[in-house]
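My questions all concern the structure below.
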Amino acid sequence: MDIALLAMLCVTAIAAIRIRDLFAVTMLFGIYSFLTATFFLSLDAIDVAFTEAAVGAGITTVLMLATLRLTGRYERKPKHNIFIPLIVVSITGAALVYGTLDAPLLGDPNAPAQQHVSPRYIEESPKEIGIPNMVTSVLASYRGYDTLGETFVIFCAGLAVIIILGIQDSGEVHPGRSAIGDQLVLRVVVKVLLPFILLFALYVQLHGDYGAGGGFQAGIIFASGFILYDLVFGEGDARLIVPPNFLKRLAALGVLLYAGVGLYSLFNGKAFLDYSALSDNPTSAQHIGIFLVELGVGITVFSVALTIFFAFSGRAQITVKTDRRPPL
Amino acid sequence: MLFAAVVAIIVTMGLALIRACLGPTAYDRMLATNMVGTKAVLLIAVGGHALGWSGYADIALLYAMINFISSIAVMRFFEYQKTLPSQEDE
Amino acid sequence: MSNIAGLFNYWVVIFLMMAGFFVVISQGNLVKKIIGLSLFQASAFILYISIGHVSGGEVPIYVEGSNLYSNPLPHVLILTAIVVSVSTTAVGLAIIIRIKETYNTVEEDEIQIIDNRKDDEDEPVEEEHPAEQKEDQS
Amino acid sequence: MDTLLNFLSASCFLIGGFLCITGGVGLLRFPDFFTRVHAAGVTETLATPLLITGIILNQPDISLDSMKLLMIMLIVLATNPTASHAMTKAALHGGLVPLTQSKDDSGDSTEKQATNKKPSDNGGDISTL
């Protein structure tokens, strides 16, 4: 099964190189994400598979399509020679393959990567943190600083997109104008399906301690529910429900919630992000801390993902109106 | 029998992948992409059951939803883009 | 023989990585470059997860009576990296949209030609930028 | 009882797998988009419930996983035909012509959209097979 998946990955990659129709390449990229996620699953990385499926196949594809709508569908044939890049790539690849000859074999339990801190996480985290999902406990508790940094990166990316593209309020968009919104079957099915998607996102958010899931995944799924609504019911309808201004504040709120947990423990005489300040019982303190932190992450990821989508789709509207100026 | 089903699903995925690479029109590719997604859902469900993965049902559920969203997105943006040139012509 | 089976994953990952790299350095279209970058990123993710895999290990979710799990650390790193990668991809795509609006092309060569032309005669630059800013304010 | 369940699930898997492959072959071999939609959509809609019923029957007892699988089945049953339908409609709207109609008939009252098709999009598909 692994080998079949890897072979399909290779085929997809080669096809993605060769095809000049960028729409097709984007679709192939969606397939590639699905295959990658399935492969992650077969390597026991259930949380990563969750994230890759939601992010790679969902959000990234949608963003790329939104970009393609503006930049044109067909790629021109590259003029310069492809042999020099091919040689560079072959040499780099050969060097890397040579490097792997000394690497530990796949699945070797004595590999260096399995020796350092991981045994401690695996043995102690169920007792210390008290939640079964080790990925969540490492993510939100042991490596809380790291995750805080990542949340800031996401927040900054949202800011950067707003700065570069700008984001419109609901007044300037056209509710109900959409090419596929006139399909009755689609509208009905999406209406029925939407509550389940949002409910599933909440389940992923709250169940992240016990199974696969957590703030990152839940935020993305929640956002994709709104994106689906926006796609089917027309540009701007979702914007009336979640105004972009509100989203900006929500993104900041998530980061502030995360950092606030850290500051709270700092003011209580503990180290930054030391959850034991939150409660007397150390295990329940960890529970509360992880819950709050994951909530902060979820809110930030949701609002940033939706903000980025709004910025991209809103841009499409502007360019349609003003693209008539003569080319350079 | 489980094994046979897994093999069948993988073979189908491969066939759909070939169609996605060949597909003369963009709609063919959409269809093939959708089919690969559905087959991935089935592969996770059946393969996860066969190999005893824990928590595979959640992932399959997520895949089913995301697959729908991405195929809707492809359709919407593709359709929209095609109407643009005709508007410019008028 | 066991060597080949054990290293096969890495080799495929390297192939995919190089495919992404090839797209980035050889293709002229900026959107395609971003797609190549994403391919590269996805294969790097596979590399990390392969490193963390333990044969016979279980999903790192604590179950009573089991003590061989896959390494949770790479999972954590890659989980956050995936979400960060989509944000950076979004920023890249946003920049591409602006490039398209300014230069009216997303092909590298054409952008270079227009840039060179602008360096020679500064007038078009001055004309172009106020127009952009007006559009932003509206 | 157990043997009966095993037999049922095994036959579900077999028929589901067979339907999968027929769908894949149909997707690859059929001459134009509308026949391919037919192949993919119809077989998937039957194969998915069969395979998932097979898994549910194969499990030792009814658990939370069975419920989740049931949800998957419902969602796939809802979304898959919808996606096929929407895709077909989009294709018709976008200017693909079904094989049954020759190119001269495409200006029917039902398919006015079909006339303003883009040649770069569907130039090759009718002549491929």
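Observations on the structure shown:
By letter and in written order, the chains are A, B, C and D; residue numbering begins at 1 in each of them.
Following the convention adopted for this analysis, a contact is a pair of C-beta atoms (placed from the backbone, for glycine too) under 8 Å apart; a residue touches a chain by one contact, two chains touch by 3 or more.
As the structure is a prediction and not an experimental result, all values here were calculated from the model.
The set of chains touching chain B and also touching chain C is given as A. Looking at A-D and A-C, the interface holding more C-beta pairs in contact is that of A-C.
Here the CA centre of chain A is 29 Å from the CA centre of chain D. Rounded to a whole number, the gap between the C-alpha centres of chain A and chain C is 13 angstrom.
Look at where the CA atoms of chain C average out and do the same for chain D: the two points lie 32 Å apart. The centroid of the Cα atoms in chain A and the matching centroid in chain B are 19 Å apart. Residues of chain B in contact with at least two other chains: 13-14, 26, 30, 53-55, 58, 61, 65, 67-68, 72, 75, 78-79. Residue positions 58-59, 61, 63 of chain C each touch two or more of the other chains.
For chain A, residues touching at least two other chains, in rising order: 26, 44, 46, 66, 68, 180, 186, 193, 211-212. Of all the residues in chain B, the ones that touch chain C in their complex are 53-55. On chain A, the positions that touch chain D within their shared complex are 180, 183, 185-186, 189, 192-193, 196. If you check the complex, the residues on chain A that touch chain B are 1, 4, 8, 11-12, 15, 19, 21, 23-24, 26-28, 30-31, 34-35, 37-38, 41-42, 44, 46, 49-50, 53-54, 57-58, 61-62, 65-66, 68-69, 73, 178-180, 186, 190, 193, 197, 200, 204, 211-213, 217, 221, 224, 227-228, 231-232, 316, 320, 324. The residues of chain B lying in touch with chain A in their complex are 6, 10, 13-14, 17, 20-21, 23, 26, 29-30, 33, 36-37, 40, 43-44, 47-48, 51, 53-56, 58-59, 61-63, 65-70, 72-81, 83-84, 88.
Chain D makes touch with chain A in their complex at residues 71, 75, 78-79, 82, 85-86, 89-90.
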